[in-house]
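Given below, in the form of structure tokens, are the structures.
The same chain A turns up in both complexes below, where it pairs with chain B and then with chain C.
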Partner chain A sequence: MATSINQRQSPAFGVLMVVLIIMAIGPIGMMIATSLKLDVDIMSSTSSLLFMPTMQNYETVLCNVLWYEPEHLDYCDPTFGRALKSSLIIALVSTFFTLVLGTMAAYALVRFRFMGRGVISLTTLLMRMVPPAVLLVPVFGILTFDFCIGDDCLAGTYSGIILVYVAMNLPFVIWILQSFIVQVPVQLEEAARMDGANPFQVFYLVVLPLIKPGLAAASIFTFRIAWNEFLLANALLDRNTRTVPVTIVNSLTGYDTDWGVIMATGTLLAVPPIIFTFVASKQIITGMTAGAVKG
Partner chain B sequence: MSTQAKRLTPYLFMAPAAVVLVVALLYPIAYMIYASFLDWNPSQRIGEATFVGLRNYSNLWSDANFRESLSVTLKFAALVVSIEMILGVGLAMLLDRKIRGMTVLRTIFILPMMIAPIVVGLIWRYMYHPTVGIFNRTLNNLGFESVPWLSDSFWSLTSVIIADVWQWTPFIFILSLAALQSLPSSAIEASRIDGATGWQQIIYIKLPLMMPVLIVTLLLRLIDAFKVLEVILVMTNGGPGLSTEILSLRIARTASEFRELGVAAAMSNYLLILLMLLTAIMFTYNRLAEARNARLRQAAEEG
Partner chain C sequence: MPILRLENLCKRYASNDVIHSINLEMRDREFTVLVGPSGCGKSTTLRMIAGLESVSDGEIYIDDRPVSSLEPKARDLAMVFQDYALYPHMNVAKNMSFALKLQKRPKKEIDQKVNEVAEMLGLTNFLHRKPAELSGGQRQRVAMGRALTRDAATFLFDEPLSNLDAKLRGQMRAELALMSQRVQKNMVYVTHDQVEAMTLADRIVVMQDGHIRQQGTPEELFKKPNSKFVAGFIGSPPMNFLEGTLEHRGDMTCVVGQGYILSLLPEQAQRVNAANQKDIILGIRPSDLSYAPDAKDGDALELTVLISEYIGAQSILLASCGDQKISVEMKSDNPIELQKNMKFQAVKQGIHLFDRKTEVAL
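For the complex of A and B:
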């Protein structure tokens, strides 16, 4: 009987699923569609689905990274190309350092047990609580006045913001990696130690290869935060080191908004997270729900 | 290897992370607490700022703009969290069955949370656009008047809430679905045999059993709702007037536009205290729930 009910209901559920999927990705799809439109098509009042797709907006945005000169441009604005480079450097370097420091700390916490798991989950929780807006004032003050060598301060440099991002992400990364390291059998490590490996060799050659899924989840989360963050980047970086989110907000405050170009920029900013989502949705859901399901 | 080196190993592994956390996280927070007692503008070094005691804190309470911003924040957080909880849990109840495409749905559902908040704000600002936006276009095509989505103080708060609901309902949906699917099937089976209807099952069996996860989800979402900033910044920048100026936005503006770092720090501290209370509630609740479970398990084993 139960199966017959299910079968009878399935068309309705199919419809519901389709509606939900359209609601979830419709707005994102609209952004991508707009980025492929000319200004004329965006402004025209006719149907928004019928238009000739064009790469012109992307050419405008990427003009100084392209190997050819786009024909429709008289002047190439290098802002976005530069911002893309800054974003990539900052996100990749922060991810790298967070992972290196995070794995080491997580390993020490699990294997040498000199601090309880309770303390770690508490700090993670506390860190999850701190809004970036709260860090704005102190980080600005410290990087502008405190962390200086002679006249060169960390404000405006890549190193300054990378330091902040690494610190912001470390608690979460340590916490999520712990749950993966716990599952590595101690016997494997002991065997390696018998064969004469020192603690660092055990860690790099035995433990790390076994926790690759955890490393993937942790790096996706770190990369995403560094890649998407706006507030601190806006306060700490200068014209030459600005990231993509900052340039997007700046271009919105201008008088006439060129929606096609802005949407192209937005799409480019959204591409890496979208790829990650499709490649590793399972790990992402684990990371996202970790705080609620098991503390 | 000597025993001394062995004893040092964990500290060697911990040290780099500990140093970074102290330098770039603990120190800034201490710095902020100190700064909140100062009258300080961004062109001064912190040592040159005058110490004003608790003046920043007490001034904020008589500041009508701050109070307005606080009430907007509370209204926003309460509304988005209740709407998202109802929608998310409701959808999870509806879709809790073996249907093909569930994995796809879940993957697609996390997209709005993964892309940059700036981009989310951008998308919604475009959709709410008075002339080219899809909402007004559709309304006009159907013969209705345009709605001032982002330029009227009532509508702008509504619009901001709609955008947040779009972005975060999936979070609650995914968590409650996970909770639902890990419920003991025996309890649900038993209630079916006793003749409970679908609604009775939901109200008397499923919801009470899911409660621990639901409460933690609610608190996590509530904490995050106080941190929303970029989406609103891009959509309305707090306006019109102060209608959507939530606290984090006001902190950012006080620091960069009004150049009063001390006041911004005091405001940050208020926000931090509020969030700390929420976190403490959540932690205590977790502990209590764990203790109760342990007691129940023990009782079951003894009985």
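For the complex of A and C:
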């Protein structure tokens, strides 16, 4: 609106903004602050923003990853290091497979004519409407009792949970990527065919580079879901394969809850998705297809 | 160069016939232009040759080898698309070398070929730019360059100039003509613009509604159109058509219509009389009429000038002949008065006669 430039903003608006910012950043700020405090400071009734920051909690959490032995520890608990590894493996691998399968499925749905194409396109989204909690019981049953080789079943393994995450995220990824692939001009694919590319080369050398922004968006989405997921991870993983969110919740016990360590874990939990998002979002450049065809 | 031959080529969508049994043979190193109004099937024909569209019936032969079931890459063709279809994520050099890379040619050879073609098309300074950073004419040139680096035996063009503005189109047309002289390959070119067809083609194939109406050199088509459609399609401004009947006056055969009487040359009269057709359409090109105030009756048309379009060296007049409209090309240095009756002499050789029912040339 042209008039908005001249409008004075009311003070109430400013106040509202401050409140919203505090609501958004407050918990995160508290988490980071607490992670830098000693137990004494955390539990003290006069807790304030004035304290001596320490890296002790982080040292405790990362003790089996660090190159030195923290002085304050007499026993190094490997739980977090293990959970971090599990989380990274599960999130990255499931993201990778979701993208590989998702792009190919989306491409097929957009470009190929086959029977039931419309129905499949629609049902991929319908699958998304089922809440994960509904899936939990049957999936738990399947992973625990079916598809076992000897005594080894899929429950508690990386493969099991990765399979579930891929299945869970595929519909949405297919749906996002379809809208990106539709925008790739068919003439480009025809030009590539004339240039002598086989269908796979057309897909990998022409279509994939052009839908990079879509791939980035989809990978941020799937990585974050796999990284944060708690419900299924809690039920399906065992103590050796647990992810970070599950570990955090498990360390909240009725007895000796070490808030400093939990907050440090939480802070560390937030870092990989942030890095991943920054890296991936670099790929989101608008106008990727500009200049391809006159339009 | 291999010879391209279409035999009873058909294209059907569902039960809808788009191309009705086309037969065509393109000679060695010939520049063949498929021309026709939009929807006449010229692009579909080209895409079938390219292998982008399936063939419903009939066969395409390249050097007597049936290719209609082969993939595009097995046909040794290069194609320039109407919308350029450049790969936006690759720079100009990569766009042009894409095909060679897929063929796994040595890098040195690829670089050499790309540089050679870039120089020929004046693209040397743009090799590292992305298509988005190029102007329309440059993009068109890259698209051509991409086809040229391929070194394919046959080049296909799908209305390559239709996205350019008028001035650039003229320029690119000349460049295309130069290029085709230099590379000496088979060219198949699709356009709806008869000027492009006339200027570029060794042979023009006029298509309408999925049929070939006439094929021949530009001159043949211009001078001896076999139907009213071809006559009206080739030439700019288009040919005038007037309804008339044949009458014998003394020993002359004349065409008589509303507002005019034109006598025919003996050989024309002979041809027309042989056809034994009274109701005809008279066709005459605007350039075959010239201002002649003291022309005899039987040689001239008396026209009332309605509009004069001044375009420099000449003017295009729109005039009425009876209640039919007719356009005339005229040197601009002659005085032009509107709403006045003027006499225009018709060049006898330029008179075309068509059967009114079948619209076939007599």
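One rule holds in what follows: the second predicted complex is superposed on the first by the 244 of 295 C-alpha atoms of A that agree within 3 Å, B and C clash if a C-alpha of one lies under 4 Å from a C-alpha of the other, contacts with A are read in each partner's own complex, and residues count from 1 in each chain.
We adopt the following convention: contacts are C-beta pairs under 8 Å (C-beta built on N, C-alpha and C of every residue); 3 or more make two chains touch, one makes a residue touch a chain.
Computed from a predicted structure; not experimentally measured.
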| item | value |
| --- | --- |
| Which partner, chain B or chain C, touches more chain A residues | B |
| First, second, both or neither for A:L154, with chain B first and chain C second | neither |
| Partner chain in contact with A:V61 - chain B first, chain C second, else both or neither | neither |
| Partner chain in contact with A:A197 - chain B first, chain C second, else both or neither | second |
| Touching partner for A:P209 - first (chain B), second (chain C), both, neither | second |
| First (chain B), second (chain C), both or neither touched by A:P131 | first |
| Which of chain B and chain C A:P273 touches, first, second, both or neither | first |
| Which superposed partner A:P185 touches (first chain B, second chain C, both, neither) | second |
| First, second, both or neither for A:L36, with chain B first and chain C second | neither |
| Contacts on chain A seen with chain B and repeated with chain C across the two complexes | 198, 288-289, 291-293, 295 |
| Parts of chain A lying in touch with chain B, wherever the complex brings them together | 6, 10, 13, 16-17, 20-21, 23-25, 27-28, 30-31, 34, 42-43, 45, 48, 100-102, 104-105, 107-109, 111-112, 114, 122, 125-142, 144-145, 163-164, 166-168, 170-171, 174, 198-199, 203, 224, 227-228, 230-231, 235, 245, 248-249, 252, 259, 262-263, 266, 269-270, 273-274, 276-278, 281, 284-285, 288-289, 291-293, 295 |
| Of chain C, residues touching chain A in the complex | 50-52, 71-73, 77-79, 81-89, 98-99, 102-103, 130-134, 136, 139, 146, 150, 163 |
| Chain A to chain C touching residues, read off their complex | 185, 187-188, 190-198, 201, 205-206, 209-210, 287-295 |
| Interface residues, chain B side, partner chain A - complex | 1, 6, 9-11, 13-14, 16-18, 20-21, 23-25, 27-29, 31-32, 35, 42, 45-46, 91, 94-95, 97, 99, 101, 103-119, 122-127, 131-132, 134, 137, 166, 170-171, 174-175, 178-179, 213, 216-217, 220, 223, 226-227, 229-230, 233-234, 247-249, 251-252, 255-256, 261, 264-265, 268, 271-272, 275-276, 278-279, 282-283, 286 |
